[in-house]
Amino acid sequence: MIIQQIINGIILGSIYSLVGISFTLLIGVLHLLNFALGEVMMIGALMAWVILTFTGLNIALAVLIVIMATALLGVLMDVTAFKPLRRKKEYYLAPMISSIGFSLIFQEMANKYTGGVPVSFPENIVQGRIFNIGNSVFSSINVTVLGIALAMMMLLHYFLQKTKTGIAIRATSESFRRSRLLGININHIILIVSGIASMLAGLSGVLVGLTYGAISPFLGTIFVTKGFVVMLLGGFGSVHGAMLAGILLGLIEILSTSFLSTTYKDLWTFVLVIIILLFRPLGLFGTLPPVHRED
Amino acid sequence: MLVIENLYTCYGKVQALKGINLIVNKGEIVTVLGSNGAGKSTLINTISGLIKPDQGSIRFCGEDITKVPPHEIVLRGILQVPDGTAILSRLNVRENLIIGAYCRKDRGSFKEDIESVYQRFPKLGERKNQIAGSLSGGEQKMLAIGMALMGKPRLLMLDEPSLGLSPLLVSQLFRIISQLQQEGITILLVEQNAQKALNYAARGYILETGEIILSDLASNLLRNKKVREAYLGEVPPAENETRET
Amino acid sequence: MSPYLNSILTLAGINILLAYSFYLPRGVGLLALGQAAFMGIGAYTCTILTVRYGIGFIPSLIAGGIIATVVGIVTGLAALRLKGLYLAILTMAFGEIVRVIVANTEWLGGVEGIFAIPPHTNLAAIVVAIGILMIFFQRTQNSRPGRTQIAIRDNEDVAEAFGVNIFREKVIAYGMGSFIAGVAGGFYAHYILYIEPGAFSFERMVEILMFCVFGGVGVYWGPFFGALTLTLIPEIFRFLSDWRIVFYGAVLIITMVLRPQGVIDREVIQKVQGFLFKVFLHKGRIGRR
């Protein structure tokens, strides 16, 4: 029984990790808190629903389309609203308000499209099979979701640690100015990071849709909080921290629901998060929240 | 190689550079001296493209680079070792060197280049995987120079490299600078340590509140009375004393 | 005045007070992100006093403010030594903690909250409250306390070198901000007639932040304008029906690109003053002759 819950927790947690990574990437590299990432997640899920329900395309193609579309969306948000503010001292708070503007627009438009009601994903997207580990039961959907999430995290790790662009991104997160002096084109890096962050959000939306079989246009609001908590727990700007913290959060939520009272689920999660922060106030991979200096 | 003509640059609301004329020839070490606030860093950062000048021109190997963005200045072979923390403290030594070579198009001699940096700075070789932020001040300076070397610079600009180093390390530093010049790298050295700088440089410029007030061979500057009093620590004679030659 | 207009202006007034609860600490450079919690504390205190103990509205209102202030000062003594972003995160966390505690306390109504609150809030009282605040701002901005605050906001170390007791000023500003938020909470409770913990969540704080960043936190007219406009826009543009929220979002984005410092800043005030001067004094030919 506990094995089942632990693995469920990891599956949910891996989705939380992806969301957390998208937030922490933007804050770490671009010093930006983008509230709209929650809605991007919802848009990703909605897009996948549309593709799977109305076209005959399979899940792999749907994921691919969502990834590209949400990445583009992320770039567009940056270019229209955040980039003009980057050199100004108001880069501290103003972009947050812009991101709220985006989230309102995205949520309203999704609301109009779905009529405010949740939509269900079609059945049999992935070949239905049941897996057993001991007494635990998992569907092929569970396996697919976990597989995609873990694969994405490994890809990201490899990208940031071993590729030239990845190291350049990490350099940029430390100092714009020093990176410029190394020949790094900051504008390119910004576009890449914006795209990746939104893409991760969009992908996690699809995964949520697959896991729960249904999504609502209000999905975004819930996950913004989760993303923020994961970012806080993992350490601002720490991708590895977010990976770990997300899984931790998923485990805490699932385990506290099954072993403690369901009504107080959020409370226990809350308490545990506070306890962790008391011991590691800067998060698991503690880094200071970045202060933006255009240098 | 580098020709600066009539350069005017603002830093915030202050006119930091006023009518700078400066030349660096291929293979030389040229030094720019001046006290704090004279505009030395502004000069280097303008060449690097981080600050846009209001007037004047900067030409490199015949090409006008005045309006070129910073990352493209680097692509042309002009590399700066900035003052202060010149390394990326969150990356390890090896990653810093890798990113130092970011601007290079050729992948060819990459491995050999890293090895040669480790040979030149054995301490770095010992600490390949150590996080750069945990290195000592001197080691960080070496790493910064190593990073610049990975970029295969045609013109290497150093912004106050001796700052914060012990006398022993300063001597080491200047020996390395001299080595680099012998290996064919042109160097523009911005310094406060006038004595050392003038010992190693061929020519020097004295910058004071944004203007070049002296420009001469280093050997002449070493003998120049004003330079000796202002920058080399010589005490001017009191009025009723006679000066000994 | 139509009941509808009265209702909207009342809500706008409450929002203006809330905006000021953030503006005050911001004036000494503090990013206080827990003000929604103080609003909640004030709301619940005021409500419990009026509904369960039958105490009059105004005394309950003030009691709500006082309790909020006490909590504010106590937490402030602990937290206000921190800098910038750390304080922001801590106040945010504090806000959430309060909300969760209330949601899990049956005596406070738990998650469902408290219903059937008598409608004591009237526009006049709110206008008076706002009026008092604005007169206070106008008076202090050019006086010693006002300049002290600006000094702390702009450069703490320098201010301290000039003998300013930074910590004391911060606690005072934070306490005042909490008081205003508490009073606003009391007004809110007796306007909406129903309160539950979700009304004082971080979403509310984001709203308050919006009023201030949109309106501008440089001068005291900023939060006023921001709260007023952002409360009225969804109403004024009701005719856009579904599109009004999209419109609202677009307004936020475009305003931030064009005026990231907020709509109202010192320059704007000076221009408006200059304009009014010309319009009203030009007639009597006083002044530039």
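Labels for the chains are A, B and C, by order of writing; each one numbers its residues from 1.
Throughout what follows, a residue touches a chain if its C-beta (ideal position, glycine included) is under 8 Å from a C-beta of that chain, and two chains touch if they have at least 3 such contacts.
Keep in mind the model is a prediction, meaning the values are calculated, not measured.
**Q** If I count C-beta pairs in contact for every pair of chains, which pair wins?
**A** By contact count, the leading interface is A-C.
**Q** Using only Cα atoms to place each chain's centre, name the chain farthest from chain C.
**A** It is B whose centre lies farthest from that of chain C.
**Q** Taking the mean of each chain's Cα atoms, which chain ends up nearest the overall Cα mean?
**A** Measuring from the global C-alpha mean, the nearest chain centre belongs to A.
**Q** So the centre of each chain is just the mean of its C-alpha atoms; given that, what is the distance between chain A and chain C in Å?
**A** The mean C-alpha positions of chain A and chain C differ by 32 Å.
**Q** In whole angstrom, what separates the CA-based centres of chain B and chain C?
**A** 52
**Q** From the mean C-alpha coordinate of chain A to that of chain B, what's the distance rounded to whole Å?
**A** Comparing mean C-alpha positions, chain B is 43 Å from chain A.
**Q** Would you mind listing the residues of chain B that make contact with two or more other chains?
**A** none
**Q** Hey, which residues of chain B end up touching chain A in the complex?
**A** Interface residues on the chain B side: 48-50, 70-71, 74-75, 79-80, 82, 86, 88-91, 95, 98-100, 102-103, 147, 151.
**Q** Mind listing the chain A positions that touch chain C in their complex?
**A** 35, 80-81, 84-85, 88, 90-91, 93-98, 100-105, 107-109, 112, 221, 225, 232, 264, 266-267, 270, 274, 277, 288-289, 291
**Q** Could you please specify the touching residues of chain A with respect to chain B in the complex?
**A** Touching chain B: residues 164, 167-168, 170-171, 173-175, 177-178, 180-186 of chain A.
**Q** With touch defined as at the start, can you tell me which chain C residues reach chain A in the complex?
**A** By the definition above, chain C touches chain A via 84-86, 89, 93, 96-97, 100, 103-104, 202-203, 206, 209-210, 213-214, 242-243, 245-246, 248-253, 256-257, 260-261.
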